[in-house]
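Common to both upcoming complexes is chain A, partnered first by chain B, then by chain C.
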Partner chain A sequence: MTEIRMEAAYIPSEDVVAREIEGELIIVPLAAGIGDLEDELYTLNETGKDLWARLDGKSTLQEIARGLAEEYEAPPGEIEEDVRGLVQELVRRRMLVEASGR
Partner chain B sequence: MKRADVDIGPYRVGDSDLPLSGAAVLGLLEGVLSRGVPFRFRAGGSSMAPFIRDGDVILVSPLRDDSPGVGEVVAFLHPETEKLVVHRVIGRREAGCLIRGDNAEGRTADLVSPRNVLGRVTRVERGGKNVQLGLGPERLAIAFLSRAGLLLPMCLGASRLIRPFRKSSR
Partner chain C sequence: MTGGRDFVVRGKLDRWNLRSGRKPLLDRLDVELTERCDSDCIHCYINLPAGDPRARSRELSTREWMRIFREAAELGALTIRMTGGEPLLRDDFAELYLYARRLGLKVLLFTNARRITPELADLLARVPPLERVEVTVYGMREETYEAVTRVPGSYAGFRRGVALLLERKVPFVVKGAILPSNRGELDEFEAWAATIPWMERSPSCSMFFDLRARRDSEEKNRRIAALRLSPEEGVAFFARKPESYRREMARFCARFTGPPGDQLFACGAGRSGCVDAYGAFQPCMLVRHPGVAYDLKGGSLREALGEVFPRLRERHSVNPEYLARCARCFLKDLCEQCPGKSWAEHGTLDTPVEYLCRVAHAQARYLGLLAEGERAWEVENGAERAGRILAEVESS
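Let's look at the complex of A and B:
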């Protein structure tokens, strides 16, 4: 399982193209050097989209979780776990990389 | 909102229950090509028949500072509708390319500015196989015939000649 560090900053991988279109964030993996609509695409829900927008390679996951906790009515510990879970999934799918690892 | 719901949902396009709109395909095509990477998607419509048919999967490659030549099939932003269109370059003008669908001879060609030409079609797949006809050296003849208004009559004539041969060869 991919180890996620909450004190680290993450940034979208160069192997994806993400575009917000008609209010929806769509992520196209550039598998084998092609952006392929016949392959799998990904979309994030509203909160995931909010998280994605904050992944700037500078803010740590802790800082992002704190920011989200201020905005959403959920216990900070729960938000932190959700952030960790989504980032882990996105890293596993090679859509995110740790900023220092670029 | 009760909790930060951060699930991601993968979905497939094609037989998906979340089909992409034309604007979405255009936005993604622009995003992918701007990274210098080809873009593969399923074409719709019959304006490029018989060389590209409804449901064919096409690969659009970046132009890389190389303007498309006569005969090439290109993806472009239509000057009036601002929609993504895939048609053939049948001529060049100072202001841009004259572009028209192979199956749209009765219609006036569109004059498209170079900045609206997004990429060139470099591969057509039909039924899982590559279809090269229409993208090779014959593309110049196709563009010439299209401009002369002779492409469709030629294609119809060819299909009449080929059909009986196919039947008798079974």
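Let's look at the complex of A and C:
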């Protein structure tokens, strides 16, 4: 299991290109080994897209989660869990890296 | 936030299936990086000599191609198809390829594989194109291959290129062209193709060759026409596996929606398009009628796709022969007649191409859609016939 640090900042990996087409966020692998198949692309759902836009390599996940909790008027604990889950998945797929480790 | 866990949706996202259901102005762009080729195939509709100085000097520069790729990406294109001529003849191919990939475009590369170097194979392995490379094969041995390409050493080059793709595990598929020298090798070709890990079906083969798209040589056109399979030979090729051919075609024909009417561009031409080596944006790869091409050197993909091509798609045929035949023909979906083919054959957009008409009729007779001597444009119950064929196939 990939360890995610909520006090760290994350940023999109240079191994992918993120594009927005007709309002949809599409993550296109650039380097080999991102997808399981050779021609796969990825999209993020609305939740994922909202988080992705805030991953600037400066804001920590805690700060991002706080901002989202305010915007969504949702319990901070629940939002933090969502953020952790998504970031974990994106890091596992090499789409996201910790900013200091870039 | 939803609390859900399906944040990332993985899949073979292509030009048709954005989740929103919306379509961008451009979903895929064809680019013909050069008309020059290192083969000299007689049957080719476009090739010019590899060193053709005039062609080379007129080709778009690296910077001009990059501008076009950038605009394609901005308009929403997911895939760019790089073809030619032989696209790998461009010295800047690797640069253009990387540029397109860094824009987040998938690249579909058409090549004869002869100029795949270890360095290029490494690049394709490191930065995968995300579309299977398509390699055209002209023969299974030196004498048959080079009887088509007419370039000594080309067979060895093709084998080297394919070996590199296999070694670096760059996904590719192969396709063929049925010509007199290689007709006897079809089974061998298919057996070899089946050993390629990324081949999911038998290789496609071209056989009803197009005439010269630039209409640049009567002599070449005569030679291309002589290499075409007869309609009956074509049907015999399709029907080598009769059951699967009948089943597949019955399902295809059952989707016929009736005669196309007088609209010229009843196909997808103009919804996307092809940029030729010199910056002319055409509604499709084949139609090079000067009246339908748009000069990108003084314009944009957006203007062509948003304003010029839609007007083109509204054009109707005025040719009485076309209106009497093609416009009323229920085999339109089985027939390759289109403005591009009409242009190559006759220099117009709407003249029936007899050869294609005969091919479609031969297929229809084989499938039981037409009786001997019937002309498809005189048939009133085409959809009913197609439904009957499908029912027969399904029940058997």
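Criterion: the second predicted complex is superposed on the first by the 94 of 102 C-alpha atoms of A that agree within 3 Å, B and C clash if a C-alpha of one lies under 4 Å from a C-alpha of the other, contacts with A are read in each partner's own complex, and residues count from 1 in each chain.
The working rule: a residue touches a chain if its C-beta (ideal position, glycine included) is under 8 Å from a C-beta of that chain, and two chains touch if they have at least 3 such contacts.
Keep in mind it's a predicted model, so treat the numbers as computed, not measured.
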Chain C versus chain B on the shared chain A, clash or fit after superposition: clash
Contacts of A:23 with chain B and chain C, given as first, second, both or neither: second
Touched partner set for A:12, first chain B, second chain C, both or neither: neither
Touching partner for A:72 - first (chain B), second (chain C), both, neither: both
Partner chain in contact with A:90 - chain B first, chain C second, else both or neither: both
Which of chain B and chain C A:31 touches, first, second, both or neither: second
Steric overlap of chain C with chain B in the superposed model, located at which of 149-157, 185-193 or 221-229: 221-229
Residues of chain A that lie at the interface with chain B and also at the interface with chain C: 17-19, 21-22, 24, 26, 28, 30, 35-38, 40-45, 47-48, 51, 68, 72, 74, 78-79, 82, 85-86, 89-90
Residue numbers on chain B that touch chain A, as the complex places them: 1-14, 18, 20-21, 23-25, 27-29, 31-32, 35, 37-42, 57, 59
Contact footprint of chain A on chain C as seen in their complex: 1-13, 18-20, 22-24, 73, 76, 78, 101-106, 125-128, 130-132, 171, 198
Complex contact set, residues of chain A against chain B: 17-19, 21-22, 24, 26, 28, 30, 33-38, 40-45, 47-48, 51, 68, 72-74, 78-79, 82-83, 85-86, 89-90
Chain C-facing residues of chain A, complex: 17-19, 21-24, 26, 28-32, 35-48, 50-51, 68, 72, 74, 78-79, 81-82, 85-86, 89-90, 93
